[in-house]
C-alpha cells in the first residue's frame, strides 16, 4: 500500500507471497487441520471466522444443497458436455454455468427480499409480524410470486423443516429467519389453497441473511455446495457411460416448414 | 429396477423421489445438521461415510486448496468474464473451466502415478523404499518430470509440510503417503540440486489414494475446494470493480505484418 | 406432426433424418456450394433466404465484428483458459462466455430501443425526425445513456461510417437505419460536447432491425462473427505461448487485513 | 517492436490502435463490404487472403457444418443451460464447450493423419495410392479405427459427396483430398463389409489440409460454423420454451444402494 493509485488487480481476500498464503489475514497453514471447510468458506466470504453455530449452520446449508440427483438441468448439461469428449473440469464448469436465475436463483432473490426489508434497520424495534403482513398483502394485491415460497416438486420440502430444526437446536437465527417464517404463516392464513410454504431456497436465504452475508452470495453458496454433486455426477458419467449422448429419436421432433426447393435468384 | 435395459440416465449417487433425497442411501435429512460438508463429499464421491481421520483429512485438503489469491489464471478468467457483464455463476464456471491440465492437474497425475504402482497389490509385502528407488531411477534415466514433485513458486511449499503433519497427528496414511514421501527422499539423495520436493499436488494425490479415491477424482477435489475461492473472487469483483477489463495498452503488442493494401482480384 | 402433444425437444430450424439435413426446409446439399455462409446464417436465423443486399449487409456485419485484437476481455479470458491446460473448444467457449451485457451487449439494447419504437407500426406514416427528437429529448431529460451511441475508445468509429456507406451503396436500409442516424444527428445538434455519435453497435442494431431480425439476436450476430476471432486468438496462444499465465507480480496487490493470529475458541 | 523482450500479450492477427483495426495488415474498413465472412475467416486463420476456389470451399465447409438439428449433445447442452435461466451467450458458450473430442473432433484427427503423412514432403513425387495402401494396411493390421472414415448415423453421408463435387467443380484440391479419397477406396476394396467411407469430418480434414491450414484448426472451423446453429437453437429455446428443463421421470433411474440408516459413530 502506497500513495500510488490501486493496481488494476487487487484483492482483500487472499495474500499469496513468498510461499505464504493468508486468507483474510490468517495463515493458511494454521487453518489447515484446525478449521473445517465450512469455517474457511465463511471466513473467505465474510471476512471473519464464524462462531460455532454459524459454522454448523453453514455446514447444514452446504449439505442440504450438495446434490439432487441426475434430473436437474445442471447434472444433465454437465454429463452431456462430458459425453462430447471433454474433461471433467469442463463438464463441471458447464454444470455450474447452468445454475442461472431459474436454477438455485431463488436463494439470492429471497435473501434480497428479506435484506431490502430489514438491512441496516434496528430490528429490535421492528414488528416482524406486521412486516410479514405488509409483504404478503403487497404480493397478493399485485399477484407477485415471492422467491423462496412454494415448490414445483414437493408440497413440503423436508429440507426446509430440517434446516429450521437444526437452526433452532443451535439457537441460531434472528430477525431474518423470523421474518421468513412469519411470511409463510401469513400466506397460510390468507391463501391456504395456494400452498406457498417457505421452501429450501427461502430458508437458506433467511439463514444466510442472519449470518450477515450479502444476498448476492446466495447463488455462490449454492455453487459451492453443488460443486461436489456435479463432480460426482461427471465422475460417474466417466466411469459408466459411452461418449456422445444424442437425444433418442422418439424424444424430439421437427415442426418447421417441409422440404422445399431452393428459390431461383 | 426391472428386467428392462437400464435407462439412459442412471445414477447410483442420489435418489430424489417424492420429496425424499437419499445420498448413497442415506436420507439427506439425517445428514443435514449431523454431518459436515466434508463428510458428505466423501460419502458422495466414495459411496461410504469416512472415518474420523478421513473426514478431517478431507477437510484439510479442501482448506489447503480453497484459494490462492488473484494471480492464478482461474481467478483472472473468472473476474474477466464477470467484467464482460455476466452473472456470478457464469464467471465462476469460467474459473472452473480454467482448471485444466496445467492448473491443479498435477493432483490427478500424481495420484495416477502412485495408483498405477500400488493399486490392487498387497502393499504389506511391497518394499516401498525399493519401489520409490525404481520410480526415481526411471524418471532420472528418461528425464521424465514426475507430477507432484517440484514447484514453480515456492522452493518448499508450506502446505505440503502442514498436510503431512496433520496426517501424522491423525495417524492417517498408509502405503501411498509412504511412497510419495519416499520418492521425494530419493530425489533429494540422488539429485539434491534439482529441488524436487513433494509439492502440495503430490501430497494431496497421495492422501486421496490412501482414502481409496480413484485418481480421476484428483481434479474434482481441487474444483470442490476452489469453488469457494472463485465465488469470493467474483463477488469481490462485483462489489469493487467496474465492468469491461481491457488489457492496459502497455501490456500488449501487435507483432504481425504492417499495414498493406488489399490485393486486387 | 400428429394429435399428440408436442415433444419436449422440438425445433423448426433443422430437420436431420435418414441422412438428410434440411435447414428451414432447404436441403443442406443444395445449400453447400451454392450459398454463402452469410446466406445460410440469415436463412437459419430468420427462416427465409436473404435478398442480395441483405446477404451482403450480413457479410459486412460479420466482417466488422470478426476480431478486435488481443486486448478485449473475451480474448484475454479465452487465452487464459487455454493457458490453464484446456482444449481449444473450452477456451473459445470461455471467450464467448465473456461476451455479456458489457461486451457486445449494446447491439441488442440498441436494436431493442429501435424496435420498441417502430416495430409493428406503419413506418411510412411515421415522422422519423420527430421520433428521434422525442427519444433524444427523453434521454437528455432523464440523463439516460442510450445504447448504440458514444464509444470508449474511438471518438468516431470508422466501422460505423463504413457500414453505413456499404448500406447506401447497396440501397439497403429503411426506417431503422434512418431512425438510428436521425438520433445521432439530434444528439449532435443538442449536445455537441457530449460526443454521442452512432457507434458500431448502434449501426448493427439498426441494420439488423431493417433485416427483420428480432433484437434478441443482436448478441447472437456478434457471437457468430467473433467466434472466428476467438478461434484465431486461441490457436495463436497454442502455437506461441507456454501454459499457465499467472498475473505478473507488479500488476496485482493484496489490500486486505494484515496477518493476524487465529482467534482462540 | 524494439529491443525489449516481447510483451506477455502479443498477437500477429489483429492490430487495434487509435481507432484503426488491421486484420493481418489489411484495414478492416477495406474488408467490410468488399470481402465475405469466409474470405476474412481464411485471412484471419491463415494470414493471407484466399484465392477464389479456396474462399468458395471454405464457405462450403462452413455451410456444411452450420447445424445438425436439436439432437446432438451441443444443442441439448446449450438449450439446457439456457433453461437454467442464463443468457444467450452463456448458453451458446455451453454448446461450444460440448464440442469436444467426440463431437466434431474427427476433423482435427483426420487432418492430423493426412498432414503427418504428407506435410513438408514433395507431394509431386509421392505415390498417393501406395501411401493410402500403407495407411489402410496398418490400420487393419492394428485394428485401428481411422478418424474421418465411417459414420454412426448415415451409411453414406451426402455432405461428403457434395463437398467433393463442389471441390471438383472448382478445380480445388490437391494431394490431401486425393489421399483421403484413396484411403476410402482402399478400405472399400479390402473390407467392403466394414463400411468405412470417407465421412464429412474426413472430407473437411482433407480440404482444409489442401488449403494449407494446420490440423489444429479442424475443431476451430467446426466451432465457427456451428456457432450460428447454436445461436439459432438457443434463440428458439428463448422464444418457445419455459425455463428449467428437468429430465422426465421415466427417462432416468436410481440404481444405487437402497435406503439405509446412518451409521452410529
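All chains are identified by letter, namely A, B, C and D, in their written order; residue positions are counted from 1 within each chain.
In this section, contacts are C-beta pairs under 8 Å (C-beta built on N, C-alpha and C of every residue); 3 or more make two chains touch, one makes a residue touch a chain.
Remember, predicted model here, so these are calculated numbers, not experimental data.
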Mutual neighbours - chains that touch chain B and chain D alike: A, C
Number of hops, chain A to chain D, where each hop joins two touching chains: 1
Taking each chain's C-alpha mean as its centre, the one farthest from chain B: C
Interchain centroid distance [CA atoms averaged], chain A/chain C, Å: 31
Whole-Å gap between the CA centroids of chain B and chain C: 37
Rounded Å distance, chain C centre to chain D centre (Cα mean): 23
Sites on chain B at which at least two other chains make contact: 8-16, 31, 35, 69-71, 76, 86-87, 89-90, 93-94, 97, 99-101, 245, 247, 251-252, 254
Touch list for chain A against partner chain C, complex: 1, 6-17, 22, 24-27, 30-31, 34-35, 47, 49, 52, 86-87, 89-90, 97, 247, 250-263, 265
Chain B - residues contacting chain A, complex: 8-16, 18-21, 23, 28-29, 31-33, 35-38, 40-41, 44-45, 56, 59-60, 62-64, 66-71, 76, 79, 87-90, 92-94, 96-97, 99-101, 153-159, 162-163, 165-166, 169, 214, 216-217, 219-221, 223-225, 227-229, 231-236, 238-240, 245, 248
Chain D - residues contacting chain A, complex: 69-74, 76-77, 80-81, 83-87, 90, 93-94, 97-103, 105, 152, 243-247, 249, 251-252, 254
